[in-house]
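In order of appearance the chains are A, B, C and D, and numbering begins at 1 in each one.
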Amino acid sequence: MLKGFTLPKSPFGQAALTPPPPWHYSSDVVGVEFWTDPGAAAATLPSGLTPDPKSNGRCVVMFLDRQFTAQDDEYLNPARYQYREAFVLLDAMYGDTPVMWCPYVFVDNDAALARGWTQGFPQKLGSIFQTRSYAAKSPAAAPLAPGSRFGASLSAHGQRLAEARITLRRPVQDGLSLLGRPTVLLRYFPRLAAGHQDKPAIDELTMSVTDNVAVAEAWIGEGELNLPEARGEELHSLVPQRIESGFRYSLAYSVTDLKILEDHTSR
Amino acid sequence: MLKGFTLPKSPFGQAALTPPPPWHYSSDVVGVEFWTDPGAAAATLPSGLTPDPKSNGRCVVMFLDRQFTAQDDEYLNPARYQYREAFVLLDAMYGDTPVMWCPYVFVDNDAALARGWTQGFPQKLGSIFQTRSYAAKSPAAAPLAPGSRFGASLSAHGQRLAEARITLRRPVQDGLSLLGRPTVLLRYFPRLAAGHQDKPAIDELTMSVTDNVAVAEAWIGEGELNLPEARGEELHSLVPQRIESGFRYSLAYSVTDLKILEDHTSR
Amino acid sequence: MLKGFTLPKSPFGQAALTPPPPWHYSSDVVGVEFWTDPGAAAATLPSGLTPDPKSNGRCVVMFLDRQFTAQDDEYLNPARYQYREAFVLLDAMYGDTPVMWCPYVFVDNDAALARGWTQGFPQKLGSIFQTRSYAAKSPAAAPLAPGSRFGASLSAHGQRLAEARITLRRPVQDGLSLLGRPTVLLRYFPRLAAGHQDKPAIDELTMSVTDNVAVAEAWIGEGELNLPEARGEELHSLVPQRIESGFRYSLAYSVTDLKILEDHTSR
Amino acid sequence: MLKGFTLPKSPFGQAALTPPPPWHYSSDVVGVEFWTDPGAAAATLPSGLTPDPKSNGRCVVMFLDRQFTAQDDEYLNPARYQYREAFVLLDAMYGDTPVMWCPYVFVDNDAALARGWTQGFPQKLGSIFQTRSYAAKSPAAAPLAPGSRFGASLSAHGQRLAEARITLRRPVQDGLSLLGRPTVLLRYFPRLAAGHQDKPAIDELTMSVTDNVAVAEAWIGEGELNLPEARGEELHSLVPQRIESGFRYSLAYSVTDLKILEDHTSR
């Protein structure tokens, strides 16, 4: 009997891409809130979501330095389980519920990619960097303080896809408003059998379920964002028309569940 | 209406991890045929396959330098679509049909990973290298000639998983016998919804379908293979007991279909 | 007139591998202090250094997540200037002065490599990871607290060279004793001209000069360390015989100078 | 007595970045010959070289898939010694001698970087890809035939620096004219000691010496080349004004020597 939460299934279950949930994450986030062309935002929505009439075109891009652990001290094996991520979320409606939709996301780690696909995050591989804040004082330290600046970037296959800079102005006491909406995803897996390639084996609208959410050291200020055009990508269709803010915070949460909103799979 | 064969689905279908089939591949292969502990080989078989009574324990490991194209000249964008791969195949029976089963496979490219998962190849990310043969004469050229040697290796997350060396002895006129069996795979995708995490959304035994198979410059000779023990992997359970041969050839084929042998998905 | 502190010299001086000093660094360090075979330690010493009769065989290995900046806000471009490093230092004597000698060091960034070579750090490329400590509470957060654990690893060319684990026990109020000795290096650059390949163009014993040293959040506890054997490396010759401690701290300093202790260059 | 041709010097000489010469190379080259602004080309020349009055502005960019070996079968360890490279050469005069000058070059391997610096190639790290030609027939094979096309690209730190495409038209029987000139380099290594940072420790104009040059399967045709602007680079200053040709060939040679044309080092 083969074991493992994902492929590869193996005799001892040690070879699987990711251990089973619960999945625990802690991270530092550098992000920019911005407004893009409402039509461009709406064009990314899957069946089941509609533009938010009050905030269509509102997006956030986030760059995350992440640490993962499950039940077996995976955080002590950072070569395999530590990773970096960048994604875009944009405002939408699921029926009467304001939600965020994730059209594009990149990670630099295969365990993260396997977990992400399981939830519906459409992860591709990328190279993600963010300026870090260090405890030891230095011109290189980027402290959490008014006026402190952070850079971040995303590249994939040698092309730069996003560059951001933020300047901190003030701590945010009561959390970031941008975390107020649940994230909706498309869980999707194609069929390859001839004659069925337009009938996916999985086609579900899902909602991310997160427990034990903890936010720390949240700061807000100004932001800049470039989304250069790149072949093989469509992230640049969400080019900013106006920047709302830049922000940085530490974020932790756990994942043990997923809500299936709609199952569109044709069987 | 979002477009794309895989995630991410996007307005223009340009962001998907892989273009739709037909998928065309050309490659150079360095490989070793070997015998492992029959119990270790049998332990990797999924439900639906049984050990081959005549050759249980026979394995091949292959290292591939690969080039991919679909319909849009993807081979001209090697930064995105060229890749390297390493996998193990081992003898098994599907009913009365002799087949090969792929328990472990590694690639260094996300487009390849997305295509592999769609077929049932359990791809993880790795770093794969093989000695190449160059046309310009040099001690560095590794010509296709008797006595010529090639090395190959596989690493993942900074751990060495496999090291092979082969010595060519003679060209093989009528193809490699090891290509005579079809490859059987486990197409598998988990559910994350609480209470359903042991009921995969896809659980299919599949058979790889390849067209336009072309083999060129096939040579056979001796081989060596090490499969060092590594945390988070089980490839080393297939450690060689006896080496049968080393080989090298060029291989091309196309993929436009997949045969579903058995669907074990519980709905 | 070409500009630039290092190659490539260019019309505007923007292409050079590293900007000129002052170089400012901030970092998090996970390390292990240990004792190796005294003969193995002594065998790594260059001409000009002798074993420390009181502590020959004492070594530290450190893994660093580093951020760099010079005069042009390089820390805002982390894709180019943020990096990771791992090195070994061992006790030695320069005349009557107790010093530390750096036989082996690895980085994952070419700007760091160029700076390191300029000082005499014998940097090769590697892949370095350490468990990080995050502000947001989680099983994945690795807080700075008694009993908290951190892992670290070093690989190069797909081979694992070092694996460490530490457990924090108590903060260290007055800095780490291991920082008390200056670091001595071999600045060395070969000649390639035939007949001169054994007469290096640079052969200097140097001492690292650091300003503005800041240590923060220093903790000490227990450590574990493996240095697996690897082809093309000699780090494993320093395999631990006894572990002294594990430690973690944040470290910042600036570099604007280098002391040349001895010039052995034959001209 | 420490051993090794370069750092790190070690007891057994196994840890050095590169083995000592002779160095043997075999490679496949995809390249574009083009004309840039003569002033931009002249601006890259070091002291000792002058613009070629007959062909100032003529450049070639080459992308190489390379295999290296020295005396110890290094080509059987491709994870450590196989690599990729991209560089620009441009026409210049050394006194009355027509030469080529190499202002910018990128590799993806530290052993190659150490050898390059030793000669005067100003190597930085980059990510280089070229379409390959495979023996097994396929739409993915890119045969050596009239009309066959090849792509190539160079990126560094996640920024795309060069993209080329070529179309083969006809084999070149008598070698490529572009190989007719020797390559001149700047061998340069800074001092870091305060007060001496503008007085390099090595400042030599050198000429590459290659033996056993072998060219095979040379083809010529058309080319396209983009050199996008990128921060931290000046390659884009050589943007093409006119494309002369595209070409592809296999190239092998050995290196055992270096000619020092002028020594500008101030001692």
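Please note the rule applied: contacts are C-beta pairs under 8 Å (C-beta built on N, C-alpha and C of every residue); 3 or more make two chains touch, one makes a residue touch a chain.
Every value quoted in this text rests on a predicted model; they were computed, and no experiment measured them.
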{"item": "Farthest-lying chain, centroid of Cα atoms versus that of subunit A", "value": "D"}
{"item": "Whole-Å gap between the CA centroids of subunit B and subunit C", "value": "39"}
{"item": "CA centroid of subunit A to CA centroid of subunit B, Å", "value": "30"}
{"item": "Subunit D, residues touching no fewer than two other chains", "value": "77, 79, 127, 129, 153, 155, 158-159"}
{"item": "Contact graph of the chains (line, ring, star, complete, other)", "value": "complete"}
{"item": "Complex contact set, residues of subunit A against subunit D", "value": "127, 129, 153-155, 158-160"}
{"item": "Residue ranges of subunit D in contact with subunit B within the complex", "value": "24-28, 65, 67-69, 73, 75-79, 82, 127, 129-132, 134-142, 149-153, 155, 165, 212, 214-217, 249-254"}
{"item": "Residue numbers on subunit A that touch subunit B, as the complex places them", "value": "1-2, 5-12, 14-15, 17, 20-21, 43-44, 46-47, 77, 79-80, 103-105, 109-110, 113, 117-119, 122-125, 157-158, 186, 188-194, 197, 201-202, 231-235, 237, 255-260, 267"}
